[in-house]
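Quick one: the structure is below, questions incoming.
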Amino acid sequence: MTIIFDGLAAGMLLFLISVGLSVTLGLMNFVNLAHGAFAMLGGYVCALLLARAGVPFLLAAPAGAIVAALAGVVLERTLYRRLYGASHLDQVLFSIGINFMAISAAHYFFGAQQQAIVLPDFLRGQIKLPGLDVGVYRLFLIVIGLTLALGLQWLVGSTRFGAQLRAAVDNPRAARGLGINVERIFTLTFALGSGLAGLGGALGIEMLGLDPSFPLKYIVSFLIVVAVGGSGNIKGSLIASLMLGLFDVAGKYYLPQAGAFVIYVVMVVMLIARPQGLFGRSAAK
Amino acid sequence: MSTTAPDLSPLRRAAAWKTPELIFWLLPIAAYFLFPKSLSLLSQMAITALFALSLDLILGYAGIVSLGHAAFFGLGAYAAGFLAKYGYGDPLLGLAVGALVAAIVGYITSFLVLRGSDLTRLMVTLGVAMMLYEAANKLTEFTGGVDGLQGVEMHQVIGLFGFDLYGKTAYWYSIGVLFVLFCLARRVVNSPFGLSLRGIKQNVRRMPAIGAPVNGRLTAVYTLGAAYAGIAGALLTQTTQFVSLDVLSFPRSAELMLMLVLGGSGRLYGALIGTMVFMVAHHYLSDLNPQYWQFWLGAVLVLVVLFARDGVMGLAQKMIKAGKS
Amino acid sequence: MSAVLQTRNLVKKFGGFVATNDVSLNIERGARHALIGPNGAGKTTLINLLSGFLEPTSGEVVLKGEIVTKLAQHQRVKRGMVRTFQINCLFAEMTVLEAVSLAVCERLGLGGHWWRPLAAQRDAVDEAAALLASLHLADVANEQTRNLAYGKQRLIEIALALAAKPQVLLLDEPAAGVPTSESRELFETIARLPREVTILLIEHDMDLVFRFADRISVMVNGALLTENTPDEIARDKRVKEVYLGEALDG
């Protein structure tokens, strides 16, 4: 039971970070392999505010999200925008370049060591239930993840912004004709995705760790979520994240010698079993 | 009805060796005498160039995007390593086995890779490479895991030239293999098969409408590219007498793409020149500033994508054209 | 009755939309058969079904007595049925001669040959050159396709199809986007094709259709309205209504 619980918590974290990638990839058709760099940025901001400025965790983590979102706005306006509609290969190369730069910069400013954070007391410890030890922090993650999943679903599915976004993606020209500011919608969406990544990075320090290699270390996991969940599909991302979290935790527990092998096999099998359906919209290109 | 015949000479000339090419191939000879102390770096350069060439075949000519080409490099490297470790140290045999193993895996995975969009291809190639990486990482009793595969002992090349301390044999051996395989690749891309690959890259919709079996062609070139990468991996094992887990890593695939794009893809020489530029830059920049060289690497990648999509070769061609007019 | 190409109850649905509705078509050997109908009638979808670009929801495509419904596009080309595209579908960065040589090589089964250079495949190159000469394209043979004027590119669209030596040629609006003066020339080229080549033509210009075709099928809303000789079609009230409607719209 504890394994299932831990797996769900890990999955929620994965969901927080990956859902932004799913949105840029699925809705904006942009392969942003630098997504993990935004998560890393959020993580460092949070860790620094905690350690050096003594900001409480519940403020530091959102601050990480906000800084990552702002960085997203700046980069989207200056660089990413030029590559909408470029080939996927160009987007991949470009975002790998951004990744390399982010890794080096993190190295330069913060050194190679793992960042450690001290969680506030009320998020530490365990709740003992019969047959199940619930880590408070893990419970916290699950609650946050669920809340955000519902919020996003509502945002994209039921608000004016969501409708405009879907219109802008389906047919940018027609959307422009209707007076929708497509550029602004894309910038906001990109910022939202980056911000969520930043939040995930901040909340994830405790479980995933944080060091300069973060963007490349976890990019595969993020991509798996998008691949399995179907890009641009919030519910799909959530389910895929939870599945991946469970597989990963259970794999490490029952088959420690196999390591990450399990999740790669899961991913490749999923891609082979449903190569088209998984990607929904982007496969149609 | 006027039926003047078209001029066939440009087509006939297309496959002929040109003077700049011949000069280019004098470079390895010159380098041998100019940089006798850097032979091991130069050998690595030749091996990496061969690896880049293998990616050019599948990406530059056929347009198959791969984020996991290191899988085949690593397979070749480990295959040659095991072979030599267990007593079959003949270099050419090692190359053949490396090529074969990589080709078989390439052939099998091609059926997975060819399905779906660019994005699926990126993911599947990445996934396959990561699987192999994890397998090599965990099967420590065979591969040595992160410590690498030790005890690779090589025999003499064609029974005549032993691998020496200065890396002279390693150098000429690497250059020789690169040159032979380059000539082969050159024939392939100038053949009707090569033309059909360009056709697939330029317009995959039209190819079936002129009667070309697209998937068959892609399988063939993917297998060929895998074999080339396998040979490059085997060469690295043989010349360094060691296999590091690194041969399968993601950065190796990513850097390879960078080298190709830097040089200009779909041109064969772009792969060679991109590798040279990259490795020389790597050598000097990481001397200056070992930790942060990755930053400049990233910056160059971003700039190339934004401003010089055809790489060094593309820029050179533009300048030559501008000079003429 | 020697139908070289038939469809039997062909249906294609995209979700709830029926693009091809129970189409049974017979094309006689050597026919100059035109397929007309208002925009959105499903003409291009039918070509896509015939050539194998799309798979039908139900029904069969029969080529020279053989059911080819399940065959891939390139296998249908090998059996002699070749199409052109309404919107240019060319090899932008190849020279014209390279592109046509490529198509000839594929027909001759040389496409997989990887040792001898293209230039050494003399038969293929000579045939490509002759084809270009016959289409008055000799002077642009060594130009890159993308640098050519639109009218020339339309000709190359046809040249690529002819390189496959079709027995059945499916022409999807060959003159689309070409100025009237040039489209006459284009049609003269098509009209000069040997009589044994069966042609199914989609075209909007009624003048061209009635001069060129010896048989006309009319499609409306995915279904066949009627099929007859040009004279009969010209007298058919229902056809007039369909086109009158369109003329008023556009």
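Letters A, B and C mark the chains as written, and numbering starts fresh at 1 in each.
The criterion applied here is as follows: a contact is a pair of C-beta atoms (placed from the backbone, for glycine too) under 8 Å apart; a residue touches a chain by one contact, two chains touch by 3 or more.
This is a predicted model, so every value here is computed, not measured.
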Chain-level touch network, classified as line, ring, star, complete or other: line
Chain whose Cα centroid lies nearest the overall Cα centroid: B
Rounded Å distance, subunit A centre to subunit C centre (Cα mean): 48
Centre-to-centre distance between subunit C and subunit B (centres being mean Cα positions), rounded to whole Å: 41
Chain centre separation in whole Å, for subunit B relative to subunit A (CA means): 33
Subunit B contact footprint on subunit C (complex, rising order): 51-53, 72-74, 77-78, 82-83, 85, 89-95, 97-99, 101-103, 105-107, 110-119, 121, 124-125, 129-130, 132-134, 136-139, 141-142, 160-161, 163-164
List of subunit A residues in touch with subunit B within their complex: 25, 31, 79, 82-83, 86-90, 92-94, 96-105, 107-108, 216, 220, 223-224, 227, 231, 257-261, 264-265, 267-268, 271-272, 275-276, 278-279, 282-283, 285
Of subunit B, residues touching subunit A in the complex: 59, 65, 67, 112, 115-120, 122-124, 126-128, 130-131, 134-135, 137-138, 250-251, 254, 257-258, 261, 291-295, 297-302, 304-306, 309
Interfacial residue positions of subunit B with respect to subunit C in the complex: 2-8, 10-12, 14-15, 187-188, 190-196, 198-199, 202-203, 205-214, 216-217, 220
